[in-house]
Every structure is written in C-alpha cells, then in structure tokens.
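For clarity, chains are labelled A, B, C and D in written order, and residue numbers in each chain start from 1.
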Amino acid sequence: MTDALVADVLFGAFALGSVITGWRVFRTDSMMRAAFFLLASFAAVGGMLVILGAEFLGMVLILMMAGEMLVMAIVMVMFMMNPAGLNPMWMVHQHRVAVAAGVSSFLAIASLGFLVDFREDPNVQPEMATVELGIELLGDSMLVFQTAGVLLLATMIGAVAIASSRGRFGAAEEGSEEPALDPEDRAAS
Amino acid sequence: MVLRRLLTRLAAGAPVPVLPVAGLGMRDALRELRIRPELRPVDVPAAASVLVAAGSLPEEFGDPLALLHDGMPHPRAVVWWNPGNSAGPLLRRFADPTVVDGSADELVSAVVRVRRELYSGHRPSSEPVLAETGRAPWEGVGPYGQGGSGMTGGVPYGRPLAEVAPDRDGLRLDVVPLTVGPFFPQFPPGLRLEATFSGDVVVDCLPLVNPFVDIAHHALPVRPGLDVFFRALFEPVPIAELELARARDHLVWLADALSAHGLPALGVRALRLTHELEGTAAVPGVRRLSRAIEWSQVLRWSTRGVGRFDAAGRTSLGGCGPVARAAGLPDDARMEDATYRALGFELIVQDGADAAARWRQRLAEVVQSLALAKRAGAQRSEVTGQVESPRGLLTAGSAPASRLLPLLPGLLEGLEWGDAVATIVSLDIDLEEAGLAERLASAQAGAT
Amino acid sequence: MITVEFVLIVAGALFGVGVYGALSQQSFVMLMMGLELMINGAILALVGFWAFSAGGNPQGQMLAIVFMTVMAVEMAIGFTLVTNVYRVRRADITEKLRRLRG
Amino acid sequence: MRPAAPLELAVPLVGIVVVIGVYVVAVLDQAISELVGGGTLRWRRVAFDPLRSAAHLVTQQRRTTERPDTPGWILAPALLSALAALALAMVPLGPTTVAADPETGFVVFSAAIAFVMIAVYLHGWSPNSLFALHGAYRFGAQALSLQIPFLLAMLATTLPAESLSIVDIVQAQESLWNVVRQPLGLPLYLVVGVGASFWGPMNLPDAADLAGGTGVEDSGVARLLWKSARSAMLVAVAAMGATGFLGGWWGPWLPGAVWVILKTLVLLVVLIAAGHLFARVRVEAFVVVAWALLIPLALLNIFVSGAVLL
C-alpha cells in the first residue's frame, strides 16, 4: 500500500477520532475524562495538520495542548463540584438552542466546501513548510510574531495580577458571598 | 503452556516481595530482612506476595492488618514470626497462617518455602478476611447504584462530597480527611495520624493514642537493644553495652530515615554497619557513611528548615534527647551519672532545631557513643531511676515519645506532606518504648 | 484522497460541537472547552486552505500561529477569571453570575 | 517527514531497543544499589534477578480498586512506553541509520516529554486511590515547571545545527560537541531530564513518602509495565542527551552506533547512581528552583550560544 493511501487512511481515522472525542467531552460526567477526551481530540487535529503538511504547527499544537489540558483538569478538580462525576449530573442549560446552533453552524461551514469552489492551488513542496515558516516568522511577519509574544507576556502578567489573592482593591475575599442557585433566592439578593 | 512453566520456574527464583508488619519487640529484626538477598521488603500490599507479621500486635490493629492482607494480589500467604501469646486473636483471623518461632534464617527459609508451595499449587492462596460488602456498602444503592440520590445530594459511593476549607492562597477548596497509619511504611510502627489534607498540605492533624500502652498484659517481648535501657533503670549495666545499643539504635533510625528520603541503598549500608559496631572498622565506616550523606547537599536541602521548633516550642522539648540537643538544649540524663562524667562525657548540641540538625546530631552521637563504649571498658552505669535512652529521658512511666506526640499537631500543620513525613521521621518517635515505660509504671503501681 | 471539502466538513463538525458545548455547558471550564474546540476547527480549516488552495503560502501558517496564540491567551484569561470569580463569589457555574460587577 | 527506515523495519527495531534498554536499566540499578549498599556484587543475581522479578510479577494476579477508571489505568503504562519508544525512534545511530527523522524531530521529542505528564496524571488518577492521586498532582506541579527549562535546554542544541532535525543536530557536532560548545546545556538537560522521567531525586509522583505514589495500587503485570515504561523513558532521556550534547555517533576508532550506545550507557550510569546518592527533593523548593534558577540559566545558555554563533 502506497504512502498516499496510508496518509488518507490516517487522516480519515484522525478526523473521525477528533470529532468523536470532541463530542464525548460533553457527554461524560467526569471532568477529568472530559479533559482527556479534549486532549485526544486536539492530538488528532495535530495529526491531521501534520498530514496536511504543516508538520511544525501540528507538533506544536500537540506540545501546547499537553500542558494546557493538565492545567484545565487541575482547575476543574479545584473549582467544580463533583469533579470525578461519581454521581450522575446534568449541568446543561438551553439544550435545544445549543444543539440547533451547533448543527446549523456545522451545516453552514460544511456546505461552504460545496457551494464555493476554491482555487485549486495545492502546496507543491510541503517538505519546505517548516523552513518557509521560519523565514516568514523572522522575515516579513516579524512584527506579527513579536506582537504575539508581547501579547502573551501581557497575558501572563495580567493573569497573575487578577488571580492573585491580593488585587488592586485589597484582599479578594473581602465581601465574598456565594449566590444562591434558586431563582427566588436570587431575586431576594 | 511451556511459557507458563518457564515463567513459574523463573518466578520461583525471584526474591520474595514481603510486606513487613512490625509488632512489639520485632522492629529491628524486620529491618534486618532488607539485607537478605532472598527477600525484598516492599512498602505497599499491592507489591507484596507474603505478609510477614512479627511480634504481637494490639487487638485494634486487626482490621487494618486485614485490609493490608486483602490488598495483596493472589497468590498470597501470611507468615507470622514469633507471635507473642497476645497475637492469638489476630492470628486466628487468617485462613492458615504459617507460624515461625525462631531465628531470621528460619523465617527466611519458611517464607521461601511458602512461596514455593504457592507456586507449586500445594498451598491455596490466602482467602480475603474482610467481606467485600463490608468494604463497599454503597454498591447498588440509589437509582444509578451511586450510593445516593440527586445531583450533589445523597452520598455518592457512600461518601459525602468533600468539605471545603480555606487553603493558603485564600481560596476555599476541597479537603481530604484521612487516617494515616498504623502500618504506614514511613511512620514508626503503630503511629496513627488523623490528618486533613488540602492538596499537598496538611491543614490539621491529630496523633491517636499510643496503641502499645494498654495492650493485653502478658509477658511481652522487649526489643533487643531496648531492654538494656530498661534494665539500667533498676540495675547497673555495662556502659559499653548501653552505648553500643545507642549507636545501633541511631543507625537503625538512620536506615529508616534514609529510605524515607528515597535512599534505600544507603539505608542498607547503615544496617550493615550495625553488625560491625564492636569492630575497629566501625568509626571509619560511620564517618564514611556520614560523608556519603553529607556529600550530596540535596538531603540537607530537603531537611533544612523542615519541622523547625520555634523558641516557644523548644522550651517544651525537655527530656527529648537528640531532638532537644539538636535544638541547642543541654539536655542529657547522662550528665547526672558520675561514671559518665568520669569517662569525660561532654554534650554535643546543634543549633537549628530542624530536621537537618537532628540528622547531624544523631550522626555525631553515633561516633561519640562508639568512643565512649571503647573507653568505658567494664565500668557500669549508676542507678538513678532515669536513663538516657537513644530518644531521650526514660523513666518508669514516661518516655520521649509520650512527650513528642503532643507536639506533632503544632509542628505538622501547614507543612506539605513530604515535609511532614520528613519531620516525623526526624523525631524518631518510638511508641513501643513509651508503651513499655507506661506498662512498667502500672505494673509497679499494681505491685505496691 | 484528501480534499479541501473533506477538511472543511471535519472542521465544521469540530466547530459545531464546540458551539454546542459553549452554549450548553453550565460550568465555566466546560464552556471554555467548547471555545477551544471552535478555535481548533478554525485552525484545521485554515491549514486545509493553506495546503490546498493557497499554494503553501507561509503566511497561512503564520495566521495559524496567531490562532494558537489566541487560544493560549483565551485559556489563560479564562482560568484567571474562573479563579477570581470563585475566590470572590464561590461561583463555579454560569447561573451563579447574574451581575458581573463585583 | 523524511522516513530514513521503512516502517515495517523501524517499528520492531525500536521495540527491541526499548526492551533491551529496560533490562539494562534494571541491571544497572541492581548493581549500583548493591555497591552503594556496601554489599558484594554477585553477577548471577544482578543479571537474573530483574528477569525473575519480572516473571514473578507476570505470574501475579491483577487486583483492582473500588471503582477505578479501568481504561485509563490500562492506557497509562502503554502511553508512557509509547512515548519512550517515540522519543527513542528519533535517536540516530548514524547519519542514515535512524528509525524516523522528521524535520521537526526536536518538537516531536519535546511533545513526547510533554505528554509524559499526561501519562503520569492518568496513572495516578485512574485507580481512584488517594495517595496515587496525590502523586499525580505533585507531578503536575513538577512537570509544568520543568517544561520551559526542558524546551530551552534542548532548543539551544538546534542553534548550531540551524535545523530542528535530530540528525542535523548531530551533524553540526562533528567539529565540536555541544557539551563543550554549551557547557551549561548538559547539566541543565540532565536535571530537567531526570525530572521529566521522574527518576531518583525527582521521583516525586512515585515517592516513598506517598508509599509508592501513583503506583501504589499497581500489582502484577500493571506494576511491571509501569516500571518498564519508566525505565524506557529514562533510556530515552539518556539517549537523547548523548545525541544532543555528547556528539551522537561522532567518535574515533569505533563505529558510530557503538559510540551512541556507549555514551548512552555512561549517561544512564550517571543518572541511576544519582538516584541512589541524592535524596528526594522537596516539591515546593524544587518548583521555585525550576522557575527562578533553571529558566534564567537556560535562557543564558541560549543567548550565549546564539551570540557565539553570530
């Protein structure tokens, strides 16, 4: 079997896997499983990027996501009630609307592929992708690249400033209250 | 099939992973098993295939022991080494335990034989002691079998959802209550700690009462090396014997502490040293070991400032032996003994009052004790009604451990678990000694 | 044979699932998972275009990197806000936040 | 991708390398612990005890816990071994003899290291056991703070090569090994690598004060697989260190493959001996060191080597 065939089969598998795991994220009670499913979905997308020729992007996506998902899992276990999903729960609102929106957005995007006929201009030398990206990063798009870096730095500083226990206006716990879940109590408060 | 037979043949030659459970009088004997090539002592039941309980245990340890046993994977067996006449009730809970009365060699051969029988099929794997339902009462309860009802109402899996408590960052997060012990591998035998964790941090903890105090009052075995200090309470004892016992006890502590810090190999070296204390190679050996410990600063790094007594705490350290001396207190019952003074005994003290200081203190005291033992010759100690045991001031009725236990909560709260374990290890709490001392007092009270 | 249409279908599916999650989930972090999936679909579509109908113009990859940056920033800010909201309000689901002012 | 070896040949080869590596680690560990423990080295025991113990674990029955996440529990060791195999597949034995040489080999290797924390977390979380989960969280803190120093320390080796491919990284060391070119690089890499493969002094997730940490509930085959996966990870880290810093296949007199193996063995001995001589570090103190000391050092390393190249 040829390399092209292998690539197609792999791509199909990754596509199926990414969508299924992405769907499972919202179908499991356990926050931890949700995080791991999302990670699997990301890894599959990374695999697809690699097959599409964007080797660097795909690997970087996978690399990024490992740490990100771990943080996400830890945050969920910290803050969410019943993180292990040991007792069944249904933490969902406006379900029908959400389903409708999801399906319609899927149809919209998918139909684009058939309504619009895109320019047939395949990437002729995918093996050069990484080199080109590097030259682009430190060449014409240097400004964009730097901006992204500064943006990330600003995000880090801001995140620490917001999340730290002592904010600009003194200790964050001051006047902290837990709002009630039931509407009538909330109306009262 | 052939592969199966080959595997079994190979497995039969492997060092037997044993789960040691130290009862009264057998702590050091069990430590010695680490040197044996035929056995490999392990920390957790999941890794063991033979449960080696030694000495006599209090009744209340029956269920924890049964949990350990049921936690071992099949094929498994129970071997009980020198069960005092008080271990009977616990012994009877197991299907057919092998009882060994005798030396370590006999124990080793018995364990190896038991394992061989397990693999040759002549011995059935030991049946669980506790009924499954007793361990999981929630099974099938509730609409989903989750042991409760509702979203967060009910008690999922028989447990309530976690309570929240403020953590050190001002967030209110879930906490985990947990009773550690009595068989926690890094704890001294019998120590039980009711701790509450918030993540890696111990938010509060409470040591339970010493189980060895009101243990069934038969003729209980006394740990060799400990008995000499109790004899010294009533009769003059050769100082050489006392000091050698002290050095040996410190080295056994060192072995435990080293493996608690992830250095089991060096711990085995410390155990090997306990065998050649009489020889001339002892002092150089100890010095070499100390250098090997000091050489990597990592250990000091992971003990410095850990479990430090503040100025107020130091005042309550009277009679806590090396712990007190490591905190700079001139506290040693040997100063009252004229013979010791004649031998030119002078105090060793450290500053720091933290785990690192205690390590340095005990390492220094090993060398000092060996020197004293050499000088002492045949001289005997005075009988003053109090003895400086390896852990501190020992009298009939009170021992260092009973003074250290109340200090634990103030010391451990707010520490990360790793530091908490390092602290407990560095204090060298010997519940057996304390229990023996208090039983002695009650026996004397009964006599008069 | 992989075509841009197929890539678009997969990307659309990911995006749709993401939209569903972002709209339907009550707990903040699950909601953020929805956003992540949406961005993911976008990146996939982008790289699909880059590979099939942009002649491998490196600026396509450049844009994808910008998307990843956005994803990282979104995660960081999201977690920060979750932490702060929990700290101040003990709130872990959206229903608990009627008013966003402190 | 630039597959240097056909897949049907590369996969079994890497598998064999992993198995041999695991056995070598077990033997070295036994031998070194005997020496440190002051015992006498009996070669029969050193050579056969690992096999016997493995057989013993295989013949044990597997026990389970109360409501574990069984798929995750099974997946974790497999994932860790797969990551180790992937990382080892990047290591070239010679200019052309390499299982896989993607242009972005460096990124692939880093991704494998990054996923180690997922494997460990899964392994600690799935048995539904307290100390196991405890170890998993510790490794979360450890691994997250090790990611950046690890990436930076490895990244410095790609500067002289002007490429992300591992083969090019080795090619660029013909005249001068990176260990000389970037004196900070190898120590940093070893510290971080030990942390990433949670061995010896940085074995926080499976530490003794947690009675075995994430592995506390493993028995029988599961325990064997987890131990082997850890050893395989250590081999991968050592091999990549030998490749990225000790000049891979470059060396006089001997064929290149032999040099790679020798250098890997040297690094393995160093790492395992460190495991028996250095005490376990404190979680909190180590995280502080990782952020406040290792990252600046790694940055300095990169700046200096970059300046030297310019």
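The criterion applied here is as follows: a contact is a pair of C-beta atoms (placed from the backbone, for glycine too) under 8 Å apart; a residue touches a chain by one contact, two chains touch by 3 or more.
Bear in mind that the values here come from a model prediction, so they are computed numbers and not experimental data.
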{"item": "Identity of the most central chain, Cα criterion", "value": "D"}
{"item": "Contact-richer chain pair [A-C vs B-D]", "value": "A-C"}
{"item": "Whole-Å gap separating chain A and chain C, where each centre is the average of the chain's CA atoms", "value": "5"}
{"item": "Centroid distance [mean C-alpha coordinates] between chain D and chain B, Å", "value": "34"}
{"item": "Whole-Å separation of chain centres (CA-atom averages), chain A against chain D", "value": "28"}
{"item": "Mean-CA-position distance for chain C and chain B (Å)", "value": "53"}
{"item": "Interface hub residues of chain B, defined as touching at least two other chains", "value": "157, 170-171"}
{"item": "Residues of chain C whose C-beta touches two or more other chains", "value": "83, 86-87, 90"}
{"item": "Touching two or more other chains - residues of chain D", "value": "67, 137"}
{"item": "Residues on chain A engaged by chain D in the complex (per definition of touch)", "value": "30, 32-33, 36, 39, 50, 55-56, 59-60, 62-63, 66-67, 69-71, 73-74, 84, 86, 127, 130"}
{"item": "Touch list for chain A against partner chain C, complex", "value": "4, 7-8, 11, 15, 18-19, 22-23, 25-26, 31, 34-35, 38, 41-42, 45, 48-49, 51-54, 56-57, 60-61, 64, 68, 71-72, 75-76, 79-81, 91-95, 97-99, 101-103, 105-110, 112-114, 118-126, 128-129, 132-133, 135-137, 140-141, 144-145, 148, 151-152, 155-156, 158-159, 162-163, 165, 167, 172-173, 175-179, 181, 186"}
{"item": "Chain C residues touching chain A - in the complex, by the definition given at the top", "value": "1-2, 4-21, 23-30, 32-34, 36-37, 40-41, 43-45, 47-56, 58-59, 61-62, 64-66, 68-69, 71-73, 75-77, 79-84, 86-98, 102"}
{"item": "Residue ranges of chain D in contact with chain B within the complex", "value": "32-34, 36-39, 42, 45, 48-49, 51-53, 55-56, 58-63, 66-67, 130, 134, 137-138, 200-201, 203-204, 207-212, 216-220, 223, 276-285"}
{"item": "Chain D residues touching chain A - in the complex, by the definition given at the top", "value": "1-2, 67, 69, 72, 102-104, 107-108, 110-111, 114-115, 117-118, 121-122, 125, 128, 137, 140, 143-144, 147, 164"}
